[in-house]
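In structure tokens below, several structures.
Two complexes, one shared chain (chain A), two partners (chain B, chain C).
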Partner chain A sequence: MTNSEKPKLAMYWSASCGGCEISVLNIHEKILTVDEVFDVAFFPCIADFKVKDVEAYPDDHITVCLWNGAIRNSEGEEMAHLLRKKSQFMVAFGSCAYEGCIPALSNLTSKEATFDTVYKNNPTLDNPKGFIPTTSVQVPEGELTIPEFYNTVKSLDQVVDVDYYLPGCPPEPHQIWAVLQVIVGALLEGAPLPPKGSIVGVTNVAVCEECDLKKDEKTITRFYRPYEIVPEASVCLLEQGLMCMGPATRGGCGALCPEVGIGCRGCYGPMPGVEDQGGKMLSAIASVIGAGDETMEDDELEREIQAVVDTIADPAGTFYRFSMAHSLLQRAKVNGSNGKGEAA
Partner chain B sequence: MTEQFEPVIVGFLCNWCSYRAADLAGTARIKYAPNLRSIRTMCTGRVDPQFILKALRDGADGVLVAGCHPGECHYVNGNIKATRRFVLLRKVLNQLGVEDERVQLLWASASEGIRLAEKVDEMTEALRALGPLNWEEKVLHRNNGHEAAEAIAVLEEV
Partner chain C sequence: MTEKNNNQEKVGVYVCHCGTNISKVVDVEEVAKWAGEQPNVEVSRDYKFMCSSLGQELIEQDIKEKGLTRIVCASCSPHMHEKTFRNACERAGLNPFLFEMTNIREHDSWITDDKHAATEKAKSLVRGSIDRVVHHEPLDEIPVEINPNTLVVGGGIAGITSALELADAGYHVYLVEREPSIGGHMAQLDKTFPTLDCSACILTPKMVDVGQHDNITLLTWSEVEKVDGYLGNFTVTVRKKARFVNEEHCTGCGICIEKCPFKEVDEVFEAGMGERKVIYRPFPQAVPKYPVIDKENCVYFKTGKCKACEKFCPTEPNSIDFEQEDEMLMLDVGNIILATGYDLFDAKKIPQYGYGKLDNVFTSLEFERMVNASGPTDGKIVLRDKESKPKSVAIVHCVGSRDENYNKYCSKVCCMYSLKFAHLVHERIPDAEIYDCYIDMRTPGKGYEEFYNRLLEEGTHFIRGKVAEITDAARIPEEEGKLIVQVEDTLIGRQRRVPVDMVILSPAMEARAGSKEVSQLFKMGCDFDGFFVERHPKLDPVATMTDGIYIAGACQGPKDVPESVVQGAAAAARVAGLISRGTVMMEPVRASIDQDACSGCKICNNMCPYNAITFHEDNEVSEVITALCQGCGTCVAACPSGVITGAHFTNEQLFSQIEGILWDVRPEKTIA
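== the complex of A and B ==
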């Protein structure tokens, strides 16, 4: 099955939800073309391969590996190294691999606090002896081991060399198809590939640019959470006080979320040239806060602005919802003033 | 450790007020802590939050953003925008476990060299009490000496 001359395709997952695999299958009938062009060499979600199969491949045997998921434990790290060695092109597929995504929000807290919530202090738990996972345990039959859970979630490129990035949570099917076409074109017709390190399947404008909602002057005196108001249709959500990451998020999705009344979550990552999406979003939001002017005394100025800022729930978790692992600070300092990632 | 910890403060000083305040502090020979590393920006409104985050990651123990008093901005309201960013950034940094003392905002006009000097003194003391931030090593556990130690281990094997 893997002995033909067809290029080989692999897809593997680490800390992720599996939505990326579904989005690959969601390119509809074009999946048949993918099957025509590629041999599947490793794809645990849809085909039965074992790690030992991959280990047995010669280096660079796999043409393209789509890696989906953040690096959260030693298993993810080990597999990333293995697949990097066996693949010619390593693609960070989806937001988790690209910049950490939802799993990396746990970088706002510590491993201990995460274990505490998951295994000890949670009303739905029954764990009277307070067991938490350990990497190795002795049982009568011998030693049992599980991968080590890391304190900090990393993006794929913080662990291995990455050739291309395909953002999105998950990437949009038409973008996946466009990227696969480029790769297929290069393999079959010798068309040029994008330079190494390119972010593919995106546009070079912000989500706002792709969004059809009517935009006007923005001055916000109070932010609302989605359940608190019913937004007016066809008017910019940010102008209505609903948090929307559109101004600081790269386009490519076609502004799907704002157009159905949900503020952009930010899953396509930062704009080109921006290192820290959260910092840029913070800047954009601060510039539309409608409080404080140059006639105010220092104290009054800060107080008025603080009152508006206080209506933003969980700003770090909102601005860095997808990009925590790839942000400048990457994680929280846990023994600081408030290391639990809670808004003070 | 008997040596006193000397914090590094990165200062983003606005061209029209606080950078001149620092100049004045110098020409007036005001004695103050030598811990400030000044960077001149045209306005506090030019200070992108990324600058502050990058300074903190790359080794600063604190960041001081200083500019004209409200109402006196050369660009009318650049300092008001800076205040909005600062207040929001402070909340985000709090979630990231960065103490309030580490990132501060100050208004010092071109004639207030003494005000700037006093703030630097005060901030230096506050940071000394908090201790080094050392983000790369203490938070990200990226030990800069780690690779060197590995290299030595390799050499020893040979």
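== the complex of A and C ==
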């Protein structure tokens, strides 16, 4: 650890998979430039730092903190507050920090139900006494504590003030590099920074614009899961019944997934001005479902439509895969431990 | 009244008492006082009648004197007075779209007696409007030119009236009728109540007028297939079905009909009571005069042999054209009047009345044909054997109407036509006994009650009660060979079994089968019973919620002839008004696509009911053609990228309104 005048970089993770760290390293040889420009002040994934090191820093000591991960427990929350205090720029890095991502899908259920699945009712478990973690336990040596697991997963900005957002699961290396360049440019050459709150490393047009597949008007009579069909090359996947979030997702990734025959998962988040990416996609899907016709009685038509809708696997997990914490829903109201979403 | 200064938008809030319509439940003074304390509100008032001149002047004065930039009026439904208040804003120099109306009458005071809850709801709704209106943007109305041609669908008395009114006013009309002749149900009737005019005698002159009018293009044996466009500029696709008769050469001499060797039961015009030839005119006075070949039953079409009609056709060149095909016509019209009429309730649906099983149970339309001098029995009232005169006749009201099992509504005309039947039986068979079974006798109308009195004097036996059953199962010798009408006579409190020779059922008028599809074709509403929905049941009975589409006659609900005529004329007057204005201003509530943000995903392109979305192949983005857009919002909802905006219904406006409505229950930004 040095005390040079170089800007200080930190990267920390909370509820996440670690892919975001890897994606930072995945900028290849440019990581050397990062090392040249920055001093690493805190980056537990790649170097040994302790929390007390951070606590010892003066406020705003860290220039840029790349935070990846959603806030799932008290440790994440504490660290978010600590790093916010010690950093000039707090960047919500990756989908979990930006909008909750996969961890936030557990907002559709309760903490108790999650624990049930993880610690009790799981075929790979052997937990006859039904132990579940508690925040504090007495052992002969004294009290052991672990962080408290919260009922609701939050995005970073639902806990602390965030300066920039860099979406993606994970963010694409060229976009990471582009964002770092902007920050470096600002620090070294006084170039202007984007306004606070900006979503960076993205375009303002949906993924479809970057996708080369041929698009036509859509009428979808059933949906397929990726293993069920071999999509016709060069034709819009959505038209072929493969769920593709491309039209509801902000571009910037280069349409990597659809171009290799996998529907866009939606990790770059909603388009500017859209409050609820999942809702928007649902509304679009409802508009292009082709079922029945106007001569049908309402109940018959309803059945026809329902039959098409039933071919959509896991709608909540599909439409809100990345955006649950940030959506209008934010979480389901659940009653007690069954996690079935009964009225609270 | 509360006032305060604010340096952003200056909102004026006006809370209407609506006499006591609102103020008897909502504490309007409290709502106005509270509204004055809300963000951006400059002035807040309550007033007895905001829609009065004085109420409107309040708004105008405040805009001028206090420099208000936004107006909220909490009163009735925007259907009633949105225009009134928008005009008031405009007169004071404020763009009319910087106004927002809050409905605290239909949505609040009229639906509860709970004063506290109603007042709280009024506050919520008002706050929603305040928070919405600050995001409003000034919009300019869009001028639309009205094509002076009009389409009238349906050639019954309502449609005929509309067509003639407009044609006589000098405007061109396309009259589309799906049967081979115009005339509708009225052409099937013998007499009209209560004056007992000969129905055909008063109708046929009008039919002839239609046929000969320079301003009417008559398209019979034709159906509307597709409707595109909007008020002033509809394009209608009409299928002109093949008649197999060349209208240019045919003189209507009728020799082909005479010579055609084959007959079919006429289920349509003669209601199954008579036969017609396979090449036919529904009735002698049909307009147009050209016959039509019933392709399904024509022996030539089935076997390739016959051609009797062609052989005997005297015209040169021959008018019979077996090669004729359906023709598709594209009509450009500015307005459309729907006068598609009604169907008669299928009496077979009530098995205990025996229609279809018991020979001498007739429906009203069958009886109309029977008593008609040019009908299948030459006007003689006879039993199904076409010979025997009935000595006793029962008439059954409310068949399929005022009945929880079928139609709950009163079909309105049945009492009067049932009385007419009773009179006609008295007239033709003076010694016949007539039993008229009714639930309530409903005879409101000029001369109608007098007609009822006349029937009382003519000796009809009126039995007040709903008929339970009509059967031929005799219990006593007097009932043998008769139809027995089982009915509770509620006036004497006794069950009666009335043996008669003939029963006439008076079935309800129902919406046309397929009226739902028709309503979808013309993009307007139809109610649960299938009748088309008027814009306002009291004050706008012939307009629909779709601009440029009008309704007249029984397609809107059961109606007799004079009412249908009134509606036909009213619809024509509405259309004529628009045509004479030439240009009308349309709401600027239109969708637009952000050309920089559209990804060209093509979700929206086949959504638009008005075909207003076009795709630019060069830069691969979609665009809404403003002139075609009707502001329905379908594409706005469908766009997954959120780059289509509906003017006056932006996300910001709607979310602000929702948050405003939830002002007292909004959760904190972070949740547990």
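Note that the second predicted complex is superposed on the first by the 330 of 344 C-alpha atoms of A that agree within 3 Å, B and C clash if a C-alpha of one lies under 4 Å from a C-alpha of the other, contacts with A are read in each partner's own complex, and residues count from 1 in each chain.
Note that in this section a contact is a pair of C-beta atoms (placed from the backbone, for glycine too) under 8 Å apart; a residue touches a chain by one contact, two chains touch by 3 or more.
Note that the structure is predicted; figures quoted are calculated from it, not measured.
Colleague: Applying the document's definition of touch, where does A:295 land relative to chain B and chain C: first, second, both, or neither?
Modeller: In the superposition, A:295 contacts both chain B and chain C.
Colleague: After the superposition on A, what does A:247 contact: first (chain B), second (chain C), both or neither?
Modeller: second
Colleague: After lining up the shared chain so the two structures overlap, which partner does A:263 touch, if you call chain B first and chain C second: first, second, both or neither?
Modeller: neither
Colleague: Applying the touch criterion given at the start, work out whether A:219 contacts chain B, chain C, both or neither, answering first, second, both or neither.
Modeller: After superposing on A, A:219 lies in contact with chain C but is clear of chain B.
Colleague: Quick one: classify A:330 as touching chain B (first), chain C (second), both or neither.
Modeller: both
Colleague: Is A:152 in contact with chain B, with chain C, with both, or with neither (first, second, both, neither)?
Modeller: In the superposed model, A:152 contacts both chain B and chain C.
Colleague: Which partner does A:271 contact after superposing on A: first (chain B), second (chain C), both, neither?
Modeller: So A:271 only meets chain C here.
Colleague: Of chain B and chain C, which one contacts the greater number of residues in chain A?
Modeller: Counting residues of chain A touched by each partner, the higher count goes to B.
Colleague: Which partner does A:204 contact after superposing on A: first (chain B), second (chain C), both, neither?
Modeller: second
Colleague: Jot down the residues of chain A that show up as touching in both complexes, chain B in one and chain C in the other.
Modeller: 151-152, 274-275, 280, 283, 287, 294-295, 330-331
Colleague: Looking at the complex, which residues from chain A come into contact with chain C?
Modeller: 151-152, 154, 158-159, 204-209, 215-219, 236, 238, 246-248, 251, 270-275, 280-281, 283-284, 287-288, 294-295, 330-331
Colleague: Across the complex, what residues on chain C touch chain A?
Modeller: Residues 516-517, 520, 596-607, 620, 634, 637-643, 651, 655, 669-672 of chain C touch chain A in their complex.
Colleague: Over in the complex, which chain B residues touch chain A? Could you list them?
Modeller: Answer in residue numbers: 48-50, 53-54, 56-57, 69-71, 73, 76-77, 79-81, 83-85, 87-89, 91-92, 94-100, 107, 133, 135, 138-141.
Colleague: Of all residues in chain A, which touch chain B in the complex?
Modeller: Against chain B, the touching part of chain A is residues 108, 151-152, 274-276, 278-280, 282-283, 285-287, 289, 291-298, 301-302, 305-306, 309, 312, 314-317, 319, 327-339, 341-344.
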